[in-house]
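This report refers to the structure that appears directly beneath it.
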Amino acid sequence: MAALYEELGLTTEEYTKIKKILGRVPTDVELSMYSVMWSEHCSYKSSRPVLKGFPTKGPRILQGPGENAGIIDIGDGMAIAMKIESHNHPSAIEPYQGAATGVGGILRDIFTMGARPIALLDPLYFGELKNDRVKHIFEGVVEGIAGYGNCTGVPTIAGSVNFEECYEGNPLVNVMAVGLMRQDKITKGIASGEGNVVIVFGNKTGRDGIGGVSVLASQEFTAKSAAKRPSVQVGDPFTEKLCIEASLELIDNKLVVGLQDFGGAGLTCATCETASRADMGMEIDVRLVEQREPNMEAFEIMVSESQERMLAICTPENQERVLAVCRRWGLDAGVIGHVTGDGLLRVKDNGVVVGEMPAHSLADEAILYNRPAKKPAYLAEVQSFDTKALKHPKDTGKTLMKLVTSPNLCSRHWVYEQYDHMVQTNTAVLPGSDAGVLRLKDSKKAIALTVDGNGRYCYLDPYVGAQIAVAEAARNVVASGAVPLAVTDCLNFGNPEKPENFWQFKEAVRGMGVACSAFGTPVTGGNVSFYNEWQKGAIYPTPVVGMLGLIDDVNKRMTAGFKKEGHVIALIGETLPELGGSEYLKVMHKIVAGRCPALDLDKERHMHEVVLEAIKLGLIVSAHDLSEGGLGMALAESCMLSGLGARVNPDSAERSHLEVNEWLFSESQSRMLVSLPEKSMFLFDRIIHNSRVQHTYIGRVGGDDLVIDDILNIPIGEMTSAWRGTLECLIG
Amino acid sequence: MPARFGVVVFPGSNCEQDCHYAARLVGAQVAYVWHQDTDVAKYDAIILPGGFSYGDYLRTGAVAKFSPVMDAILDFVDKGGLVIGICNGFQILLEAGLLPGAMLRNRDLKFICRYTDLVVENNQTNFTNKALSGELIRLPIAHNEGNYYADEETLGEMAANGQVVLRYCDTNGIVTDAANPNGSLQNIAGIVNKQGNVFGLMPHPERAIETVLGSLDGQMIFKSMISAVSK
Amino acid sequence: MPVAKVYVTLKDGILDPQGQIIGKALKTQGYDNVSRVRVGKFIELELTGETPEKLKKQVDKISHDLLSNPVIESYTFDIQEEA
Amino acid sequence: MPVAKVYVTLKDGILDPQGQIIGKALKTQGYDNVSRVRVGKFIELELTGETPEKLKKQVDKISHDLLSNPVIESYTFDIQEEA
């Protein structure tokens, strides 16, 4: 039989290290605590060495990776806190609750820092909508995010939905949360001050999510009782909302020295991390923790992942006031221990010491692994696919309609209308455009937010694909009129112990780092999710980028829809025959292969600068970035979002060297579709000519149809109902 | 003296700040009222905001109606004070019996958040006196239970008394099935009580008070209330 | 300890979209013999220390005031002597 | 026509936020003798034309596949010969 430590997921090397740290054999409680803290999820033992390559500093970065969330200076003494988190595996088991508790967890990371959550974004990846199981997951996840986000009163203002077979058994449910705060309210998860009091408030502690360490229980209980331990947590957004209000009130009234949410590894993580950050120790008694169920074991209380719980550290003088605030909000709250000066985390059970470990050793001293990486063999084969040899369909109008109604490109209103995206009355650009835009009350400013990540590109080339994720996010922010400021990222990959997967991971991180440097958008934190595998293997490597941009004047915000008959349409950037990894290739030819589009970071950045300049000068009235579906899709969207048609001249210099499908559906990077009144053309040309960017006037806004002379003619009304009806129709 | 508005905060309310902001923007003097407060006599009007009081876990508004503040509000209503319930606030008013009928889940069983077109059926109320008769307005909805139900008799009575104030309609102002977002009987979106001092509506006027938010039409409701209490 | 089981259902004549959806799903899965589906709530209360009549009165009041909305719902309950 | 009554409840150990709220609401209203509240679903199916054993099998399958979420919920049912 395997040793207990092995069943808990610890290696012999790790077990030896624990014994060395303690100078003795660990108790069961200690062993369970090390096993959760030294898990991949909590310790980042495979990824941490790689993540060191990210740029994390910049003049606006007030808090980089390492705290509960990153914090970015947006001027006027205000700051934005943001962070992204994955809840992939729980959502695969129980879509509604998995997604719901994912929202809960990431919101806590935000308000823990003293910021009021003002937005949620949800990048989602599912299998293709072909069977009931996938539909059930998709519907459940969306409802779960709605159920939790709506109840807590945080608007979900943007996201993405992607369908690809590789996610069928392992959907990706990432959620990004964003908060607004005054810089003088920044609060950290830190247990400073010997003698300070440690308080738990929020929900009671139950046997939720004890999963991995339940082997400990089976030693003491019958297998039957172990089977009763729920591996799925049920979210309680009402209590979360109360936690938000209580936490912000505590911070506003300067009643706490530190605040920390309970995430993975529950009380163990919250106590050792806060103590470790302060170089202090902590002594707690598990029996003082409010319990939902009778007869809980000490280790169960230490590792339970019950949701909606918070840890507060305050001075003894403030103890009663802290408890009073929590109770006024109807929350359970109680003192469970105090901060000590010896650096040890001491766990008692009704006064009896059941564990005593250096806090640092749990929080920071997991053995890091330099995993072997190997370039996967499939790459050479898929990359050698030549799109030049493709036989293109004749009817381009039909092809465009196919793309417009492809699950990956059709309207997402079925999703985002289930989300309250207007609560808090800041949403200045509603979902449906390129980035969500929030105005900041009592200020002229606004922020733009987006999440992007194309697994297909990363499958074909993780380095470039990850760069494109950053570039596309920046492009979406720029198209909304915002200057990109900072990034949070969620890295979804397969089992890192397989060298091929780890190679993909390393390449993607390298690509993201280089791109973030190029755009001046440091990484302020993020999340790594490994082991995304199912019976058909690993998912496509899927790094997801969440980006924040700043708009100085909310009235200068930009949207993707055309604005008025007669305006001219310009395409900024250059179209190359790049169909590799495109939605066109997938939808029309059922192929995922080729090279993903090339990305020239300088070119991309210059394009952003030109577009931002044109917006600042008030020259252009719409901007829409080109991404999946290429020019054809961008034209269609700008029409459908406005209800206005357009007439496009296919003989513009732009497409001279391209086959028509290449011209319309290539996914070449660094392009933007804009429209402007004729009177602005002169100045617009000037600023473009002073840059290294090219542009072409390709047509005019007007009429009720999208017309590309001699190629296609589609009534906008017809196109719009097909585009809007797709998801609903597929779900049935 | 400016009109004095009180915005009630129940555990789980989440539009109280939005209502506070909106009422202030149109010129009212606004304060929060805690759900355990027992006196609201100092206000001219009370707003029950949207959100999820007590999580809406049992039934929307079902637990909130037992809050101490609701006794004070019953008293306030008896004395003729103005009360507006928006979304969850409307649901609480229904549960508390201050307005007739009840809310069922949306016909499609989905939460719906989007702008809707509404026709003002009665502009002679304390809440719509700044509207034109039959005026078309645009306000967002955001709810899971906005499917209004009342029995035939109640509906008939309400019609006779002009108690139906807002109905969902299409962009031309026609009340059609297709324009009904949630299955609400007769497209009902907002109603007043017989006495005309309690108003409940599912759409969120406080979300349509600035051009940056896409519509100004919500101002009309708050301005009507201010005008009514300033008389 | 006595346990009260309260069943709350939508009144007859009130549309039950949840029931309808389940009904439809059953039809598409080939369950042709299911003719009508109604969805309600089921609430269990553990109670102590009252006479049976008092308990009954109490549970009735709770069901009426809190657990159901008389405009749209009706309820039934039974009280069992359980562990 | 036979009627199947299916009761779906959260498994033991799973957080029941609805039950918590009702419990608290009852406490504040002075019902001190209510110690524990659990909320579940209650589904009525009207059925036709099968033998009792077949019906039982069918209702069990429906309850498992469609009416409950086996990850967090369990169910019981009974079938009555009713009007």
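Labels A, B, C and D are assigned to the chains in the order they are written; within every chain, residues are numbered from 1.
To be clear about the criterion, a residue touches a chain if its C-beta (ideal position, glycine included) is under 8 Å from a C-beta of that chain, and two chains touch if they have at least 3 such contacts.
The shown structure was predicted, so the numbers you read here are calculated from the model rather than taken from an experiment.
Comparing the chain pairs B-D and A-D, the larger number of C-beta pairs in contact belongs to A-D.
The distance from the centre of chain A to the centre of chain D, with each centre set as the mean of the Cα atoms, comes to 37 Å. Once the centre of each chain is set as its mean CA position, chain C and chain D turn out to be 9 Å apart.
Between chain A and chain C, the centres computed from C-alpha atoms are 41 Å apart. The set of chain A residues touching two or more other chains comprises 236, 238-239, 330. Looking at chain C, one finds that residues 66-67 touch two or more other chains.
Within chain B, residues 54-55, 57-58, 63, 66 each touch two or more of the remaining chains.
In this structure, the chains touch in the following pairs: A-B, A-D, B-C, B-D, C-D.
Every residue of chain B that touches chain C in the complex is listed here, in rising order: 58-59, 62-63, 66, 94-95, 101-102, 104-109, 149-151, 183.
Interface residues of chain C facing chain D in the complex, by the touch rule stated above, are 1, 7-9, 19, 22, 25-26, 29, 31, 33-50, 58, 62, 66-67.
Within the complex formed with chain D, the chain B residues making contact are 54-55, 57-58, 63, 66. Chain A makes touch with chain D in their complex at residues 93-94, 97, 203, 206-208, 228-230, 232-236, 238-239, 292-293, 306-307, 330.
In the complex of the two chains, the chain A residues touching chain B come out as 143, 146-147, 150-153, 236-239, 241-242, 329-330, 413, 416-425, 427-428, 430, 439, 441, 554-555.
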